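Common to both upcoming complexes is subunit A, partnered first by subunit B, then by subunit C.
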Partner chain A sequence: MKNSQAKFLDKNKKNRKIKNIDNLIIFAVLIGVVLYFSFKNKSFLDEVNLNALLITLSIIGIVCIGQTLLLISGTFDISLGSIVGFSGVLLAKILELFKINNLSLFILFAFIVVLIGGLIGFINGLIITKGKINAIITTIAMLSIIFALSMIISKGKYIKISNLSFLSLAAQKFGFVPLSFIFLIVLYLIFFIVLKFTVFGRYIYAIGSNENSVNYAGVNVDRIRILLFVLAGALSAFAGIILSSRLTTGHAIFGSSYPIITVAAGVIGGTLLSGGSGGVIGTFLGITLLTVLEGGFSIVGIPTHVKDIFTGTILMVSVIISESLLKRTKR
Partner chain B sequence: MEEYILEAKNIVEEFPGVIALDKVNFNLKKGEIHALVGENGAGKSTLIKIICGIYPNYAGEIYVNGVEKRIKSVSYARNLGIAYVPQEIDLMNHLNIEENIFIGKYPGRLGFINWKELKNNTNKVKEQYGGIALSLENNNLVGDLSIAEKQLIEILRVLALDMQIICLDEPTSSLTSEETDNLFELLSKLKRNGIGTIYVSHKLNEIFKISDRITVFKDGKFVKTLAINETHPDEITKLMVGRDLSSLRWEKRSNKIKEEFALEVRGLKINEKIKEINFNLKKGEIHGLFGLVGSGRTEFARVLFGIDKAKDGKIIIFGKEVKIKSSNAAITYGLGLIPEDRHNQGLVLAMDIKNNINFVIYKMISRFGFIGRVLESKKAEKFLKILNIKAPSIRTIVNNLSGGNQQKIVIAKWLNADSKILIFDEPTKGIDVGSKDEIYKLIRSLADEGKSIIFISSELPEIMNLSDRISIFKDGTIIASLENSKNITEYDILKHAIK
Partner chain C sequence: MNVVNKIKLLIFLLFIILVFSLLNPNYFSLNNLFGILISISVAGLVCLGQGLCIITGGFDFSVNGVALVSGVVAAYLISKFNVNVWVVLLIILVLGTFIGFLNALIITKGNINPLIITLSMGSILTGLSFFMTHGSYINVKGEVFRILGTYRLFNIKVFQIPVVILAIMVLILLIILTQTSYGRFIYAVGGNKIAAKFSGIKVNLISGSAYLWSGFLSALAGYITASRIGSAQPGIGSTLALFSVTAVILGGISFKGGRGSILGAIIGITIIQCLNIGIRSLGLAIYYQELSIGMVLILAVYFDSLSSRRSS
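For the complex of A and B:
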């Protein structure tokens, strides 16, 4: 008996170690990549470029939070990218229509747009849980509906933003740190705490590892699933507002590459596609790495499509690594 | 010496912690229906799964037509002419009948299917066997067929592929009596064509109707092979009845059982098969439910726990009539379920002991959604000690524990939630003998402390040693209810369940 107990202990320790090592590796790679680019091009770490990098990171990083929560619960949402584009278009259009130029009304409508993002997530969640329709199909369908709505509202054109409060949302900065990066840090802190210390967080992990048992324990699984889609939708809408502010326009196409990148960031950060494990810290490192690579490539002058090959390769390698680690720890 | 088309000698199969088959022998003649019987866990299904290539890691020898063969996969078995018709039929629902029957052997050239020939071949097979086979349209999708029809397709498929041995695992468990007759007609045709059939079943009356010989297994061991005309159902029942390994013996507990009911069920209707269940459970009582697989026991437990909904009937808990709409409601009324499928329904394997034990009560030990971490650990430590769960710490991942300890964690979860009525559904399934005994003692001491217990099991010895009353499920209803006593024998119970 003593012997087998010792074996349990070993296994557990190993489990935990592997998780930490996972994040450490990404961190090390990140440092390496940053050093490489700053060595290649001195302007990589100057104030302007750093500021631009942090804004980009903030926007997609916020979308990543929702996607990670969904991934942990064992699903994901492909329509998040379209919500990003849609919210920018919608807010820009509303402000243009009503010629709104003050701060408080801007905040009110921004808030409403975030709620609409949540509503889209709610519809996704409702169809997936109550209608028992596959999440991939549902969110792909939602993607094309929302994209079409954005095109209709914007007539396929860029909508110029003239509201100063809207424009300053992304432009606002403290030193080289943009306001949006502060939002990002606060949101990551909140969701780190939610996942780690709350009942809701515990349920998310449990649903991802075994939905059935959670149901048998008297927890309303559907309600939690729907809530996760609502959160993901609302966060994406918020990110979309910042993106439009940064680009000073709204357009349907904004954010269209996000679904893949956000899933990739989660997976690189150690969240399994099958659900049940992972966390926002890993995702944060993952998306930072991807953003730095993207920024670095363009500053060094490597064309976009080459960069895409690189991103794809990283995604594949990290999936293979995490799956093989999983196999080893499971047995 | 007679010609055997199949002969299995000294077959041994080990699963983690259990020897499922211990040097068993079995043989089959050409054109014979050979029935294989035994209690649940006797090893019948294991043997046919070995013969059909599903468990390739067996020890012992298997001879096919007198030549020794090592059956290493299902496709290897198929090539030898051995076919398996599982209990849960596994056909391609989205393909039509022709496509299903001839899958793997489509006629045609260069990868193109010759549809005309496929149709002709299908018709040939159908005509060969006639009867209800002819009433099926070739281009019907298999997904639209009834279970009996699907089974027919499985069997036609065996014929189409020129099989010589067919293994049937509980083929009639979900058939009506008319469908069963049709199946038997088909089986006798197979027999005339020289095909050997291995027939695993619980239903002795059916076995005596169609088989030529019968072999009895008990606890993974071979007991006897008899010609059907030299034996009698009573003799077979006596041979099947197992000994028991538990040190726990039945004892009179009537002084610990209160008169009032913890749970009463009146006229419960679940579906078309399970039409009326009347049942009651006294405070402090252990009420055993026995029945064969598919008799309605598990469905009953699921309805009590709010997983499925009842169509009709009354459920009264501690004197109050209640509607159990969800598992959450069931928990509020004081019910706890230790489910049959521990891994998929009872535990979150990837999480640790502390999480699993507190899962049901997280809402109660948290403030503003934040988990009370000290309380969480304290509760987990408490139950680790009370239930003598062997684990290095409350942070051990549940997946790394043995079956017995995992089961204790499921029990701890409900004790932690202070459930008053505990439903144990096959609690000792897949658990080694030593831990089984501990679970039995735990169940009895819980009842002594005043919990009311429903104990569902297909293993007679444990039902008889533990229960104060025993109710027997058959065909969706409780057909008999007995006060347990020293004088009750396994035969007394089994005769109700398999008649």
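For the complex of A and C:
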């Protein structure tokens, strides 16, 4: 008994070491990529470009948090990208309809839109846990429903944003650091603490590695699962508001590539598709690397169509590598 | 799937046709029904492959990517290099099967979630087709290219080549699934992987072969689509994956694998295309289709999980 426990702890330590090395490798690659692009093009690290890069990173990085929590619990949400587009369209439409121009009402409605994002996640979670329906199929169906809803609201067109506070949300900056990046850092800190030091965080890992045993331990697994989908939905809606603010319009298509990229970022950061391991710090490094690569591509002059090929390949390769690493540590 | 379920589906189908006919008298015209038949035959091919994948317990979300890239590659080879049309068809079918092989290899050898692999494969293929066409379309001159999409057998309107091809493929797969040991293995692997393994079935080989079928059939569908309109364009068929999964599950092929019939998938896609064309005939925008299909998918999966709970 004692022997097996010691063995288990030993293996755990080994796993953790592997994860730390992983993060270091990604960090090294990230530095290398940044150096490469700044050599290639002097303007890569100037104030304007760095600011743009950080805003892009903040928007998708916020979506990544929710996706990572879901990945750790052993599932993922394909509909997050559609929630990003939907929230921008919805907020832009509401503000246009009621001709709202002041800050406080903007904040109120932005808050409501974030809540609606959470509500969509709640519906996802409810169908998946109470209806006992596969998460992939549910979120894929939700993706098409939400995308269609934003197309119906916007009639397939771009909705121009005229509210000044909405417009300045993404433009707000301190030096070259955008306000949204501060949101990002705060959110990552919060969820780092939640995952590392709270009971709730430990339950997420436990559900991901063995749902049944958590259930037998008397924990309401369904409630935690639903809460994770709500968090992911609300965070995506928040990111969608910032994205619309940045692009000064709302459109259904915004964020449609996010599901693949966010899963890829999580997997690169050491969160396994099969659940039970990983964390937000790895995801942060993963999404930073992906964002820098994408930003660098456009600076070096690689056409945008290649982006689809790039994200697809990255996701596939990272999943293959991480799953084969997992098998090696299990042996 | 038993007979009762099939009858239920057929009643549902008749109900949809009735509702749309009442809303729009033109819906039940011969021309419109013929259009529905053609759209069923192209999407039906994809559904056959998707059905096989789901029976073995996986699924394939790269079908739209495969269909897209095969149309584009075909048009590219013919218009740029003047390759013989039939050679191109052969190349496309091999290409589709090869993509299916890649999917199968990664999914079965790495034991990785099929959604992630096929989704990223689809993304790569879509990117490739945009890259090859630069986002616009490639026209193909010459009548030979259009034979597969537009010609008809014995000059009878219903015997259009796509419809005939679908009928032949359904027949072949029905025979394979019900009469051969390979067909029984497919159901065995989907029903209980471990039991199948212990009875000496090469599980990886069998479940992998479904992706090969799916790649082959999607490539055929992509070629026929390009042949029908005489050009290849990126962006066509982007909803194919969603529609095919919905049709297959609606048709009674259980999402948990191991149960259902290919005929059900054809009934499923018939319902979906009747719904789609009905929505279009009411003059509603195209995204109402996605809205309704998404809801149908959730309902179909819900009923599927109900019936599998009842049977277990």
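In the analysis below, the second predicted complex is superposed on the first by the 316 of 331 C-alpha atoms of A that agree within 3 Å, B and C clash if a C-alpha of one lies under 4 Å from a C-alpha of the other, contacts with A are read in each partner's own complex, and residues count from 1 in each chain.
We take it that contacts are C-beta pairs under 8 Å (C-beta built on N, C-alpha and C of every residue); 3 or more make two chains touch, one makes a residue touch a chain.
In this text, all values refer to a predicted model and were calculated from it rather than measured experimentally.
Participant: Count the residues of subunit A touched by subunit B and by subunit C, then name the partner with the higher count.
Facilitator: C
Participant: Output check: A:Tyr205 vs subunit B and subunit C. Expected answer is one of first, second, both, neither. What do you get?
Facilitator: first
Participant: Look at A:Val214 in the shared chain and tell me whether it touches subunit B only, subunit C only, both, or neither; answer first, second, both or neither.
Facilitator: A:Val214 contacts subunit B only, not subunit C.
Participant: With the two complexes superposed on chain A, say which partner A:Asp308 touches: subunit B (first), subunit C (second), both, or neither.
Facilitator: A:Asp308 contacts subunit C only, not subunit B.
Participant: So, does A:Phe111 touch the first partner subunit B, the second partner subunit C, both, or neither?
Facilitator: The answer is neither, since A:Phe111 touches no partner chain.
Participant: Scan A:Gly276 for contacts with subunit B and subunit C and give back first, second, both or neither.
Facilitator: first
Participant: Taking the superposition on A as described, I'd like to know which of subunit B and subunit C A:Ala141 touches: first, second, both or neither.
Facilitator: Only subunit C; A:Ala141 stays clear of subunit B.
Participant: Which subunit A residues come up in both lists, the one for subunit B and the one for subunit C?
Facilitator: The answer is that subunit A has no such residue.
Participant: In their shared complex, at which residues does subunit B touch subunit A?
Facilitator: Counting only subunit B, the residues touching subunit A are 305, 307, 326-328, 330-331, 337, 339, 343-351, 355, 359-360, 362-363, 366, 369-371, 373, 390-393, 395-397, 399-401, 413.
Participant: Applying the document's contact rule, which stretches of subunit A touch subunit C when the two form their complex?
Facilitator: Touching subunit C from subunit A are residues 78, 127, 131-134, 136-138, 140-145, 147-149, 151-152, 155-156, 259-260, 263, 273, 303, 305-313, 315-316, 319-320, 323-324.
Participant: Subunit B touches which residues of subunit A in the complex?
Facilitator: So the residues of subunit A touching subunit B come out as 1, 5-6, 8-9, 11-12, 15, 197-200, 202-203, 205-206, 209-210, 212-220, 276-277, 330.
Participant: Within their complex, state which residues of subunit C touch subunit A.
Facilitator: Its residues touching subunit A are 106, 110-113, 115-117, 119-124, 126-128, 130-131, 134-135, 239, 242, 245, 249, 255, 285, 287-291, 293-295, 297-298, 301-302, 305, 309.
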